[in-house]
Amino acid sequence: QGLTPLTTALGWIPNAEYAGLWVALERGYFAQEGIEGLYTPGGPNAPGVLVQLAAGQADFAGGDWVPLLEARARGNDFIVLGCNFPTSPAAIMSMGDAPVLTPADLVGKRILSQLPADANTLNFVLDKAGIAGDFELVATGFSPEPLLAGDGDAYMAYATNQPITFENMGLVEGKDFHVTLFSDLGYTVPGAPIVASRAFVQENRALVVGYLRALLRGWIENGKDPAFGATLAVEKYGADFGLDLDQQIRQSTLGQPLISAKEGLGPFWFDPALVESVIAPVAAASGIEQPVLADELVDLTPLQEALASL
Amino acid sequence: MAGLTSLPTRLRRLKRSCAQRAPALIGIGLFCLAWQLIGSYRLAGLTWPPLSVVIGYLVDPDHHRLLTRAASTTLRAVALGYLIGAGIGLFLALAVRLFRPARAGIDTFVALIHVTPAIALAPVFMILMHRDAIPVAICALAVTYLIYVAATSGLDGAKRHHIDLFAVMGARPWQRFWLLERPTALPAIASGLKLAIPVAFMGTIVGEWFGAARGLGLLMVSGMQNFQIPMLWAAVLLTTLTSLVLYALMGLVERAVERRFA
Amino acid sequence: MPDIPQTECREAIALRAAGKAFALDDGGSVVALDGIDISIREGEFVAILGPSGCGKSTVLRLVAGLETATSGTVHIEGRAPAELAAHHRLGVAFQDHALLPWLSVSDNVALPFRVARKPVARDTIARLIALVGLSGFENARPSQLSGGMRQRASIARALALDPDVLLLDEPFGALDAVTRRHMNIELQRIWSARTLTTVLVTHSVEEALFLADRIIVMTGRPGRVLRDVAVPFARPRTPEALRTAQFHAMVDDLTRALEPQG
Amino acid sequence: MNRLVPFLSRYWAVLLLVVVWHAWVTLGDLNSIVLPAPLPVLADVVTHPALYLTNAAQTMATALAGVAIGVLLGAFVAILAWASRLLAGLLTPLGLIFSSVPIVALIPILARVLGYDISTVVAIVAVSAFFPTFVFTGAGLRDLPRATDDLFKVLGATPWGRLRHLVLPATVPNVMISLRLTVPEGVLAAILAEFLMGRSGLGFMFREAASRFAMERALGTSLVVTLAAVLFFTLAHRAERAVKARWS
Amino acid sequence: MPDIPQTECREAIALRAAGKAFALDDGGSVVALDGIDISIREGEFVAILGPSGCGKSTVLRLVAGLETATSGTVHIEGRAPAELAAHHRLGVAFQDHALLPWLSVSDNVALPFRVARKPVARDTIARLIALVGLSGFENARPSQLSGGMRQRASIARALALDPDVLLLDEPFGALDAVTRRHMNIELQRIWSARTLTTVLVTHSVEEALFLADRIIVMTGRPGRVLRDVAVPFARPRTPEALRTAQFHAMVDDLTRALEPQG
């Protein structure tokens, strides 16, 4: 009844990675803002979320930095309103007997990766640490097994995902294996930027603020009981994905602290200066010629408004 | 007399048909055993679970709702895509047979559509249709190609002396098609329809990865990403079993057609 | 027929300096026919004799419009042979029977009706099947027939639509003498009842003399017309006519003509 | 002019598609990260010939190797299945299972056994080519001309002799159908495998380009893939026709 | 041959009360042969005559081991017919030529060598091809031959391995009289040079009398042995032997035996 439908294109399957979204939907936080909260599930082969945004099929997208810059270079005036995981879950997993804990540990390692662009990230880490050295990138799939089997020395992972697989095998983090966040290696790029088109934000500012407020409330609520969002994912929003409750609770628990940066105004907030200091060099390495400027790319004012009104 | 012989004859037929099925059953049995052993001894790694674990997942009542919802969604998409694809494939094969100048162009076109990687077309699909229709569309594309190739090859298979016969009878192209080429092609088309069963499942599953709301393909993706290996293989096994049953049914059709037309 | 002045009769089939060469795989070619001139009047019955491989079937295929002459022309009623076929006025019994394996005998015989989109004359078909001695085998499929029975079925099919031009390529080759004689007599009866231009390829000099108005003898490769002999016997011809001295003399003469020239 | 007619007769439908594509992009004002226009895609291909060629060569070689293995294996297994009911019972479900398991699920297993390299890609292509060949060759084997079958009985042919002189040659036309069916399929499987686990080849190139919205490049690789597959299809079709002429 | 006492010769082929019924699609059956007793001595040349469809080919197929009798027994040298075939001692020329379409003439003739895994005797093959008048067509494929040429190629193939038992099913049906006579004479020559048990199905009473030691006349369906006639002419038989009064009398007698019984 008079709710404005707003669609979020998810970059991944509807699991506990979006615990706060489920809580917000379930508790009616969106409805309270006059918003009908809709979402489209993603997956490894689903069309990119930014494509959906460009095609007008979504209003918000859980994007990624380099594709976002590419999309902007192609005439899409997309902006970042905040980051779902200001501390990125991107991490590197290694085994207990050959831990990768510092940039120097990367040198000479065979690194299992699912994405070709990972090379740029690793190079940035080495450059920033001033280490001259090389590593070998080994293509791999969804399974962290090759790491276990010794096909590689380290595995590019999501801290909220593959480590749980190892835990479920009875391996103990910190002993049998290690998870090192990229932010701890100096690559402090905030993860999962929330993207929308500038025109949309300008025309619907109140709604955008309402959207962010609802989402923030969902995540804050989930922080009180990470099992809640996980249960919602398993039983309702991701019911057709056969999710495992224990694993999802663990994922929700691991993800929850990542929604805020170490020092910041609150959840989703990140330091725009990172755009020029960390994102720009990686973007340049990826072949993006346009200058990457924070005040063109980032507009945190709606987020600040939402945070202030909480 | 006929009434007296029919019962023993029927029994003999039954026995024979059981005897014919036996090797297939033994085959499946051996395969299951191999699956179990490779899984138990981790001969093929962690992503190959023992069969018993997969079956355990399948029979667990906690999973029934999930599995039936997924399977019925996938099956519906497979059925729809298969019918649409077979229809279009047969129609195109017929069309180029009756209007020969179109043959080369359609050949190239069908091959082109088929081989254009679905991943590249994902945005196009997304704009053209609802996400839940994408599995049907990709399934139909794959089936169309297969049936088109099988049917055109079959239609090309008429013997020269039969073609000559139709020429001297003054047959029109469509009569030659209907009375000669169609019966000649039926065995190949039947083979194509049989082979199209697993292809239709594959197409649908891949299509589901483009963001469908539910289906066996989603369970596979989800199982992979969360390392729920038993669920992954339960979805695969369910797909395979359904496909196997339908394949066997089409095999019967194929045999009947071969007996009748070869 | 011989007492009608020739000029009154229209020319039905005309081969003028017709030649045919077949391309071979290795790029070479075989000259099958060379400068064939044959003119057949409407209603005339012409038999072609000649050594195996001399091009008799090729002549028939040219007349049926199944091959095109590499030199010279072939016309039926002044037009291209294919036109006659298009009007379903051509009956052909091929050297190899060319029955459709998936149709029963009666459906094979009924095929020309279906192609001509005429109502299937069940009684005509039954009569033709009886004529060729296949009553009782109406529902048998070609694979269930003996060689001679297949050949007979294909003769019945050639006659089905009561054609104006009948081309018979050794139709009795697989028949025993008795069946053959019976069929010869039947064919004569059909032929006397109406104007039917017929070309018969045969190996039997007796048969040619018994049936034909005119006999063309061909030479071995490349095929040329060696002799063109009018048959002087009055019609209707009875089997007794086969025992006259004139008949025997002509048999001997033609047989000698068939001997390879030194 | 007389070159144009055969060209048009073969490619009219494709040209039509390109025209529709172009019209859609320009009239529908589609965003280039959704779908670029055909011309820029073509331009990217022609301005980077070396890049495309080297990757295409690799993909095509992989695809051909895989298809060759798959077709040979498929025909071989079809013959085994034809020779023995037991083997048929054993092999048919096995082949079917392999063909019904999504490639993505097979990759970790194959990679475990074969390693994360080109041999796994080849194996995946072979798996994709195997089953259609198995089915079509099997159909051809059941359809041997009766007369020739009798001939081999009276010649006292051993099973091997029958296989060698009758069965193998008699199945050639059907193997050719399988080839037409599987060769483009093989290219697809190759790029899918490269997409999922490769470090080079057109599939990898596509993924790399698509992940950074270089859509001209991504669709350029698709275009090259498509051309390669259509080329293979056309060659296979020619071969099929030549064989048919020879075999009848 | 007739002057050798019968008891001294070993029996080569024996059909005892052999019957054959074929099952039809509709569940009924056709009795093709009924209580056939035929005994053929080693080296004997037996011709079978009978109306079309009477079961001559079926008798040959029983002897070749291609069908099994539904009643009675069939033996060659006291053993199952298949054993002879397994030793590559059987030569068969089928009524339909059964040439392999993908092989050239010479490869078709060489096929028995390949199947028997014997070195291909190039000169034997050349000799046989010349014998049947196909020199110059060694590299032609069956589809490039005339009907009679195909039949001749299949005769050459039947003779390739110098078999001990030769079964010929109307091998000369598509041949003109001259070629046929030439082949008859050649066959007689081959046959006189060695002990070769031969069964020939033919429609020509003259041919049977010219070639055979004994003629078996069969009745129409169901096939039974009607007459078993020894041929009294001394060997070697010349074409002149065909002109004696005794020959003509026997021709008439056998022809009458073939007439349908009233």
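Letters A, B, C, D and E mark the chains in the order given here, with residues in each chain numbered from 1 onward.
Definition applied: a contact is a pair of C-beta atoms (placed from the backbone, for glycine too) under 8 Å apart; a residue touches a chain by one contact, two chains touch by 3 or more.
Being a predicted model, the structure only gives us computed values, none of them experimental.
Engineer: Starting at chain C, figure out the least number of steps needed to reach chain D through touching chains.
Structural biologist: When the steps are counted carefully, the minimum from chain C to chain D is 2.
Engineer: If you apply the touch rule, which chains end up adjacent to both chain B and chain D?
Structural biologist: A
Engineer: Just grab the chain with the largest centre-to-centre distance to chain E, centres being mean Cα coordinates.
Structural biologist: Greatest centre separation from chain E goes to chain A.
Engineer: So which chain is the furthest away from chain C, centre to centre on CA atoms?
Structural biologist: So the chain farthest away from chain C turns out to be A.
Engineer: Once you find the CA centre of chain B and the CA centre of chain E, what distance in Å lies between them?
Structural biologist: Result: the chain centres lie 49 Å from each other.
Engineer: Counting in whole Å, what is the centre-to-centre distance of chain A and chain C, each centre being its mean C-alpha position?
Structural biologist: That gives a centre separation of 85 Å.
Engineer: For chain A versus chain B, what separation do you get between their C-alpha means, in angstrom?
Structural biologist: It comes to 39 Å between the two C-alpha centres.
Engineer: For chain A, give me the residues that contact two or more of the other chains.
Structural biologist: In chain A, residues 51, 55, 141-143, 145, 149 touch at least two other chains, as defined above.
Engineer: Counting only residues that touch at least 2 other chains, which ones in chain D make the list?
Structural biologist: Touching at least two other chains: 30, 34, 104, 108, 112, 210, 246, 248.
Engineer: Would you pick out the residues of chain B that each touch at least 2 other chains?
Structural biologist: Residues 45, 47, 119, 123, 127, 160, 206, 224, 262 of chain B touch two or more partner chains.
Engineer: Considering every pair of chains, which are in touch?
Structural biologist: So, checking each combination of chains, I get A-B, A-D, B-C, B-D, C-E, D-E as the touching pairs.
Engineer: List the residues on chain C that touch chain E in their complex, please.
Structural biologist: 22, 24-26, 30, 49-53, 55-57, 95-96, 133, 139-141, 144-149, 152, 169-170, 173-180, 203-205, 255, 258-260
Engineer: Which chain C residues qualify as touching chain B in the complex?
Structural biologist: Those in contact with chain B are residues 61, 64-66, 82, 84-90, 92, 94, 96, 98, 100-102, 111-112, 114-116, 167.
Engineer: Any idea which chain A residues touch chain D in the complex?
Structural biologist: Touching chain D: residues 48, 50-51, 54-55, 66-67, 70-71, 74-76, 115-117, 137-143, 145-146, 149, 151, 286-287 of chain A.
Engineer: Going by the contact rule set out above, which residues of chain D touch chain E in the complex?
Structural biologist: Counting only chain D, the residues touching chain E are 145, 147-148, 150-158, 161-162, 164-166, 169, 172, 246-248.
Engineer: Of all residues in chain D, which touch chain A in the complex?
Structural biologist: 30-34, 104, 107-108, 111-112, 115-116, 196-199, 204, 207-208, 210-215
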